[in-house]
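Some structures are shown below for you to check.
Common to both upcoming complexes is chain A, partnered first by chain B, then by chain C.
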Partner chain A sequence: MPATDPKNKTLDWLDERTGWRMVRDLADHKVVPIHAGTAWYYFGGITLFLLGIQVITGVLLLLYYRPSVAEAFDSVRFIMTRVEFGWLIRSIHSWSANLLILAAFVHMFSVVFTHAYRRPRELTWLTGIALLGLMLGFGFSGYLLPWNQISYFATKVGTDMAASVPVAGPAMARFLRGGEEVGAATLTRFFAFHVMILPLITFGLVGLHLLLVQFHGMSTPSGVSPSQLAHMKFFPNFFLREMVIWYGVLAVLGTLAAIFPWELGLKADPFASAPAGIRPEWYFLAEFYTLKLIPSHVWFFEGELLGLLGFGLLAAGWVALPFWATGRNGEHRARLVTAAGVFLICYLATFTILGYLK
Partner chain B sequence: MENRPDSGQDRRTVVSWLLGGGVAASLASFFYPVVRFVNPPAVSEASINEVDAGKAQDLKPNSGKIVKFGNKPALLVRISDTEWKAFSAVCTHLNCTVQYRESRHDIWCACHNGTYDLNGRVQSGPPPRPLEELVVQVRGDEVVISRRT
Partner chain C sequence: MRASAILFLLYWSLSVASAQDSCMTCHSAMEEGTKGPATLIKNDVHIAHGLSCADCHGGDRTSDDPTIAMSKAKGFKGKPARTAIPKFCASCHGNPDFMRKFAPRERVDQYELYETSVHGKRLAAGDTNVATCIDCHSVHDIRPVKDGMSPVHPLHVAETCSRCHSDKVKMAPYKIPTNQFEEYRTSVHWEAMTKRGDLSAPSCASCHGNHGAKPPQVESVAAVCGTCHVTFEALYDKSVHKAVFSGAGGGGGCIVCHSNHGIHQPSTAMLVGPNAVCSGCHEAGSAPAQTAAQMAAWIDGLDRALKQSETVLARAEEYGMEVSEAQVRLIDGRENLVKSRLALHAMDPGEMRKPIDAGMAIAKETLAAGQAALREKDFRRWGLAVSVLLIGIAILAIRFLIRRIEARP
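This part shows the complex of A and B:
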């Protein structure tokens, strides 16, 4: 029987043309299992929330930022000193970028330790790792945009590491720098990566990642079947809890941005020495400190190349985790994965702290 | 003409290959210019062999400064009143710009803690090769740096 009151009539009209009730029904049926590790489910949402903050503050910064060597530094200084709340928007963008990477790491390790990467969620893992790589790419490209001294040298080092990869390295470094040296062409390229190319890929991959999560439902701890567990509805129960956490994250973000506004430093000068105490953002510190420790030559290898080879193998092994986590007879090597996760956390934490202190 | 039962299938395969090949070739022709476009053109560097590094009296003994050598930085060190040295200031490890450390009389890269002696040789840290040494000439009051011939 057709609806008679105007509200239902409108909704029926919309449903006939868009099928929105199907989406509503899907959302209605989405549930979250309740167990000791339920809290870890929030970290994916926190990462997504911070990504939203990045998009909004990034678009705002675009209104004043000028991507050229002559103007970039001054335009960021203008944002921070002349534009009302400019210091806040830029600080939030920088702090949120850092918290986003932290949240993504926590999310990743929670997936490892709760073994949520298991069949059939291998593609969810791979899209997640690709997204983490994209976030690091955002960090690396965005770091250069204020065109200050530290970011200039960080980009020199980063692109030179790419150049030392055998065979494809020099071409890759040229592609990244837009020439032989870090300069005006690098800034415009990194700007294009940061505001156009990486966001387009990220939106596609986030969509796919969420679609896969929706398709498989939330993972439950190994050995526990979902039917044995109590569940809560995603809408509104879980979602409202997540929103409370988002508010908390926003409070932390606002506090950090207000109390520790992000510094601008000195304008980049290609003809100045690298300043003492130079170091990259914390999420590259472990690799940075490792490179510092490796001697110039190990046997007949150049130390730098050996370091890169090590990082490459470690990254490849980590990406392939869901595949080696399952043995030939289909048994799950949970202990091996946990040990690998603990090892990686220990390495990253120790070397990050050492890189920070020394 | 005899019509073999599978000749239709053969024709279909041929047409599929032709169509597929055509599409692949057209895609390649779309992407080729894009790939060439993102690869930056080689800009010919003016080859610099000699630069004026300023006045001798502006640099005190036991100090160093960075000077422009073409589009790359060079490090000029005044060791004593009469002794001068110059090197390419590009660290051989990962491309950072080195500096002279007055307190230790050495050349230091702040990025990964590499050190070189005053002949450009690696003393410690990760740099794999020595710094390229340049020639310093003091002509009257002018200091001139040039590439070794």
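This part shows the complex of A and C:
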């Protein structure tokens, strides 16, 4: 029967052109299993929420930021001191970037310990890992943009590490820097990565990741059939709970931004000596400290090269986790994966703390 | 073939023997007390330039026979008499053509200057106690001035002069004080030189001259200080003090207030209070004493105002507020404080007001920036409290909504 009241008429008109009722039906039917590990599901949402905050605050910062060596630092200072609530936007952008990476790590380890990477979710795992890599890329490229002393030298150290990779390293470092040294070309290049290239790839991958999550539904703990578990509706029950958590995260972000506004430091001076105790952001600290501990030469290999090779192998093994987690006979090596996860957490936590203390 | 090899070996051994320095060979083999020059000379700048003992002392270094090597026929001069040392050194160091081969930028007028110095004049009069070249530069282990181990390196000049000038017995016949080094070591110049490593800071030779060393006359003290303190000198020249202090019997310009060797960090205590240097000439309550007190009050007032701004900005910075622009501005304020201390030397209150007023304006402006940053900090905290409260209410409302939805059958 055709709708008669104007509201239904409008919705029908929209549905005919967009098919929105199909999306609504999908949302209506989406359920979330209830079990001891349900709380871990929230971390995917937290990561997505923080990504949204990054997009909004990033766009606002773009209104004033000027990506050139001569103007970058002054434009950020202008944002911090002259633009109404500019300090808040920049501080939230910086703090949120850190919380986003933390949330992404927690989300990744929750997937590992609940074994949610299992067949048929291998692609969900791979897109998730790629997204984590992209978040680290956002962190690395965004760090340089204020063009201050610390960020300049941290980028120098970071790109030097890239240069020490055999064969492709020097070319990779030149590509990142836009030349032999960190300079004006590096800043514009990092800006392009940060606001155009990485976001484009991220939006594509986030879409694919969410599509796969939607396609496969929420993973349940191994050995438990979804039919044995109670469920709650995603809309509105689970979504409202997520909103509570997002509000909580927003409060944490606001508190950090108001009490510890992100500092600006001194303008980068390529001719100055590197500040004492320079180190990268916390999410690169474990790797940085490990490289520092490795002797300059191990046997007849160069120490740094050996370290980077080790990290490369570790990362490759981690990416391939869903594939080696299943044995030849189809058995699930749950204990091995859990042990690998515990080992990785212990390594990252210990070396990050040591990196800060030393 | 064999014959040519023997001939080559013979030629080679002869040329090696002739290249040997017999002075070094013999003096190195002497007893401990007498081989001094041979040991010391290894570090000598002359040896580094390819010269040898014979280039100063004459003789034939290629001969192994001492009677030939040190014969007058071969030009052997031996050890020069003390009174002859300056001329002995000047035979090379006063010869521009010779010096150009080794040190083209080196001056060659040291001997002429030395002749004009107190040391030179007394030596010419037969006083062998005075310093000659070797007393300052050492002998046989003469190092370049820029060598940190040289006794005439800027860091060691004062100590080198003090070896004689702090010796009461040695200075007694000349009736000159011996406390200069002691006083100098309490001075800002010594501090700059030794603690801050500023090798351009003055030591004895900077004011008294090195080869032409003599005490500056009363009229020329300001000119000596003005070599470095150029602007101070220009302002002092305009002041009423110039005619009095730098005139005959005036006491010596700058040193009337700042002393000579023991120059300490100046402060407003030099203008007003029990240790005021002004009180030496001006009675308390007199117009000049009042002007000095007024100028001291201006300087102290600006210093206090800048320090207050500095404290407030530091507090704001501790709270994470971005105040770097105001902090940079504060540097301009400090510059004005320096300028006002400088302007004091003209003894013209009108001249001094300009930097004082400019500095006070900056102090006021930066204080306002610091206070605004602290107010902004409070505003942020209140904003945070209100936001967290609103977020809390929103969370409670959602929780209530969830309960209501889930209570439905």
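Here, the second predicted complex is superposed on the first by the 358 of 358 C-alpha atoms of A that agree within 3 Å, B and C clash if a C-alpha of one lies under 4 Å from a C-alpha of the other, contacts with A are read in each partner's own complex, and residues count from 1 in each chain.
The definition used in the following text is that a residue touches a chain if its C-beta (ideal position, glycine included) is under 8 Å from a C-beta of that chain, and two chains touch if they have at least 3 such contacts.
Keep in mind the model is a prediction, meaning the values are calculated, not measured.
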Message = By the touch definition at the top of the document, which applies to A:G248: first (chain B), second (chain C), both, or neither?
response = second
Inquiry  = Between chain B and chain C, whom does A:G312 touch in the aligned arrangement: first, second, both, or neither?
reply    = neither
Request  = Count the residues of chain A touched by chain B and by chain C, then name the partner with the higher count.
outcome  = B
Ask   = Looking at the overlay, what does A:I278 touch: chain B (first), chain C (second), both, or neither?
value = first
Request  = Classify the contacts of A:G179 with the two partner chains as first (chain B alone), second (chain C alone), both, or neither.
outcome  = first
Query = Who does A:G133 touch here: chain B (first), chain C (second), both, or neither?
reply = neither
Inquiry  = One more residue to check, A:G19. First (chain B), second (chain C), both or neither?
reply    = neither
Key: Partner chain in contact with A:E263 - chain B first, chain C second, else both or neither   = second
Remark   = The intersection of the chain A residues contacting chain B with those contacting chain C is none
Remark   = chain B residues touching chain A in their complex are 38-40, 43, 45, 66-68, 71-73, 75, 89, 91, 93-99, 109-114, 122, 125-128
Ask   = Of all residues in chain A, which touch chain B in the complex?
value = 153, 156-157, 159-161, 164, 171, 174-175, 177-181, 185, 270-278, 288, 291-292, 294-297, 302-304
Query = Along chain C, where are the residues that touch chain A in the complex?
reply = 320-322, 324-325, 380-381, 383-384, 387-388, 391-392, 394-395, 398-399, 401-402, 405-406
Request  = Would you pull the chain A residues touching chain C in the complex into a rising list?
outcome  = 77, 80-81, 87-88, 236-237, 240-241, 243-244, 247-248, 250-251, 254-255, 258-261, 263-264
